[in-house]
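Next up: some structures, all given as structure tokens.
There are two complexes below, and they share chain A, which is joined by chain B in the first and by chain C in the second.
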Partner chain A sequence: MADRAAARAVDAEELFFDALEGFPTVTMYLKFAFKSFQKQLAYKFEYFVGVVNGLLFIFIFTSLWKNIFDSSKASASSGFTMEGIVSYAVFAMIIRISMSQDDMGVMGKIRSGDIAMDMIKPYNYFGVTLAENVGGTMFHWFTRAAPILAVCLIFFDVSLPRDPVNYMLLAVTWTMGYLIYFMVNWLFAMIAFWVIETFSFQLMKYGMFTLFSGGIIPLDFFPDFIRPAVAYIPFMYILYVPTATFIGHIGHGEAMGFILFQGAWVAALGLVSALVWKAAQKKLIIQGG
Partner chain B sequence: MNDDVLIRCQDLRREFTVAEGRAGLLGSIKSLFSTKSSVIRAVDDVSFDIRAGEFVGYVGENGAGKSTTIKMLTGILTPTGGRAVVNGTVPYLERVKNAFNIGVVFGQRSQLWWDLPVADSLDLLRAIYRVPPARYRQNLAELSKWLELGPLMKMPVRKLSLGQRMRADLAASLLHGPKVMFLDEPTIGLDIIAKDNVRRFLKKINKEQGVTIILTTHDMDDIEALCDRIIIIDKGKIAWDGATNRLKSQHMNGKILEVEFHDYNPDISGAIGLTEMKTEANKKWLRYQGDGGAALNDVISALFRDYCVKDLSIHEPKVGDVVKAIYEHGVDHMEAADHG
Partner chain C sequence: MRDELGIYLTLVVASIRARMEYKASFLFLFLALLVYYLAQVGVIVIVLTKFGSISGWTLGEMAFLYGLMVFSQGVTTVLFGSLNDFEGQIISGGFDRLLVRPLSPLMQILASGFEISTVAHFFIGTTALYFGSKSSGVEWTLLKALYLPVVIGGAVLIQGGLRLGVAAVCFWTIRNRSLVHMLVYSSKEMIFYPISIYHWGMQLFLTIAFPLAFINYYPSHYFLSRGGAQLLFHPYIQYLTPLVGVVVFALAYMLWRLGISKYQSAGN
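Showing the complex of A and B:
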């Protein structure tokens, strides 16, 4: 039975790619995404643990916010209600999980010299890495984000927005946020071309991401003197904008403005990524001969 | 450029800047503020032409510049100076275009996807190289027959033995039917049978498919079994370049005598018709030239008469011995020994 189902899946995949004949580049990127999805299947147990971890974090943060809101006047200054902040905490975590990327892969390849195996292939390594990440992310959707969402809707006091516009805005802001996150990871990985010991840079990235992406604390709680500065670094556009837009904390009109900023960041980071990659190829020294 | 020339290197050069660490704690603190660096020339004005269909051994010691040259020809590294053309393409300027025309195997790295079955890796490569379905089926059938891929196709790469992985890697590098193949130590770590299989396969694709092959290896038996031509690189410069047969006829006539003396290691410069190659404890390796001088049995009797010989064996010289001698003494010494 299982064999027959697997054979049917393979047939479907073949039919799909047959239909794409004549678009070799699209076919290649899609294949990378498919295979990357398939690769993750080798580590099933890890994702079960991932679901438990995600739920644990959601439980911790929602409890924390409830206590803070019970005992202070935080709600008045931030514009969040108790229900609002709980739903922010839940969806910020789910969106964060839905954006999971392999942020060590490129750096690891540069450090080990395995990047040579990508340089001998006739493809754009940036594009291929993005495609592989998309495949992996899809896997995280099915195995972590979706189950966590289901559990939260049943057991936590949160609900999905009713307005379909929120879903459309989420699709756009999520995609832009995902691309920004990917390129931030890419640029931090590129540091490995110039610096051998990259751990401190990774630490810096994690620190800034945790603090400024809005994954834990919405930017509305930041002191006034920091908020303008945060607007000039890319992190808030990764999680804060999609989350706050989706739950309706950011209105539709205001969201359009944020989308423009996201677009500008995508363009700017794309340009810098291309330039840095070009410079890195000249700099390349393959470790280990 | 001659139509026949497939690869041309002209004064190819690659320099690396190496930061020099200072010794000790004080030294490392100093290095924080000023880094002293020096420039190392890994490949130093290397020039050669390789014609279509050749099987070339590119040999040298560790750090001699072999891999750096290969990396420039495959488009991974940009040269500091000079020029390289592979099949009409400048590899480091048009990396992607060059990649379509070449096959590459690095013995110490795999181009397969670790967690995927071999069949999936090959399918992905088909998409990367845009191999038309009919040609893919034909190429895969042939490679599968020669490399006995059948039983490996469904196994994840991480579960393959080194020999199996190398077979799969060879198939991966040839799936798109490249004209040129670069092999960097393809037999490293393989057992004798696996080595033999790889060699037979390489010989076959060179002779039957006309694939031009550039092979770097430390295994001189690989070179002797496979290569029509040898290029020896030493400290970034070409030390010798020519047909394997010429290397043999110029440097490998005569015999090698491996002599163990009783409990000493005498100075044998007085012995007739022998040149010392290597000496170690109470053992010496001596070259017997044999052209016109004393007959071998006379030379040996003289050895037994004049010295206290415990054991003696006679070998045919191997390409490896000659190459080793060139690393150690340079070509001039070898030529002098030949005509001396």
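Showing the complex of A and C:
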């Protein structure tokens, strides 16, 4: 089955690149994205486990919220209804899966030294990495996020929002969140240029992401004294903003403000990413003598 | 047997010394693990501060539940941590080398990768157990104090058995990374919370088919004197952790032996 899917992907690839013949740079980045998509097709069992994992987490958190919101007290004090918080749990996890990125690849290349090969090639390594991640992400969209969404719509009594504006806002907030997530991963990977033992930094990143991204608990539930601080680190703009906007917890007008903040984070992280990459290249040259 | 134990300990000490070579990075790893686990705890603490209790379990009781899990996970990782990368040993052929040595291959694997990072587990587990029993007013009788290590032993056998069983799968499939990820790590998220929040079918599953509930949920009932009102089964179930541990580990060990004999006969 996967073979046939792979064959079809190749067909589509050829057609697609024929059409793009006049744009060599775009074609190159797209090729990286396609290759990464195809690579993912090779791991069938991993795929299955990924889907089961996603459903497991959705099951845990919908059970948790249903239990807590069973008493009518909870919904009054939190700003969520039971349906609201259940669909938050479901869509936060689906959006999280739909954003899956390979956050070890660049780090691995830096540690092994293979990164030097990418530096001498005539492309922008940041762009290539992004393209590769987009390819992988598209794979996760079709093969993980979509089936999990289907299962959830059938078994977890959640429904999709009716208003088309929610979908447009999702497209914008998702893309921004995705870029923020990518650059956070990029910056954590860059640490490997200066520090040999990077696993500790990864652990810290996972910890902060778990707590502050909104993947598990929405920002609204944080105690008042932490909430302002959480708004000043990038993590909540990755999952909380797209999820809360999509399910309508953040209104359309309010969403504009959040999108502006996301934009500011994309710009700031983009600048820092570029600067750190420059510094890293220098660092590598010095080491090489 | 005494010789085997001596060799095992020598190998463990060698492994610890290898890890301690980079002291600064070791200390930093410890800190990072603290951050990682504090984030996990943070999720539970935030939910509880906001809503008071989860399925009738207060902050102190939840801390005890979590502490029992993390502490026994720490002991499990000390003893069985190296099994998680068993796939690597099969692929590289490293396991074949162990087979020709005059010491049980399982002993050699267990001694090879002593995970010293589990200091963080013990630290967090002990803190959570201490805080949990204090704030939920556990009355420590002599019996309870003596029974705690027995329960932890049972919980370690359940988790160790699980890791051994998952590692044994490698003898047939060579790779098991995804299975480790799902059965050893992700599944544990289920028992961060009292399993009474789940549908009864899932509670049944976590009791009989995949008995993670015996690691912390059932024994916590005994230590916290919660009574049996929330239990699906007869209240005696809260004492069964050690027995379940022995059964799970015995089954896993049988699978492991079967796997080794199959692996050897394939002409490797």
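The criterion applied here is as follows: the second predicted complex is superposed on the first by the 269 of 289 C-alpha atoms of A that agree within 3 Å, B and C clash if a C-alpha of one lies under 4 Å from a C-alpha of the other, contacts with A are read in each partner's own complex, and residues count from 1 in each chain.
The rule is simple: contacts are C-beta pairs under 8 Å (C-beta built on N, C-alpha and C of every residue); 3 or more make two chains touch, one makes a residue touch a chain.
Remember, it's a predicted structure, so these values are computed and weren't measured experimentally.
When the two complexes are overlaid on their common chain A, residue A:A116 makes contact with chain B while staying clear of chain C.
The partner that reaches more residues of chain A, of the two candidates chain B and chain C, is C. When the two complexes are overlaid on their common chain A, residue A:F126 makes contact with neither chain B nor chain C.
Within the superposed three-chain model, A:K35 lies in touch with chain B and out of touch with chain C [touch as defined at top]. Of the two partner chains, chain C is the only one touched by A:L64; chain B is not.
In the superposition on chain A, contact is made by A:I217 with chain C only, not with chain B.
The residues of chain A shared by its contacts with chain B and with chain C come to none at all. Residues of chain B that touch chain A in their complex: 16, 62-63, 67, 71, 74-78, 95-97, 99-100, 102, 104, 106, 108-111, 113, 115-116, 120, 123-124, 127-130, 156. Contact residues of chain A toward chain C in the complex are 45-46, 48-49, 52-53, 56-57, 59-60, 63-64, 66-68, 74, 77-78, 196-197, 199-201, 203-204, 206-208, 210-211, 216-217, 221-223. Within the complex formed with chain A, the chain C residues making contact are 22, 25, 28-29, 31-33, 35-40, 42-43, 46-47, 49-51, 54-55, 175, 177-179, 181-182, 186-187, 189-190, 193, 196-199, 202.
Contacts from chain A toward chain B in the complex involve residues 24, 27-28, 31-32, 35, 38-39, 42, 113-114, 116-117, 119-124, 281-282, 284-286, 288-289.
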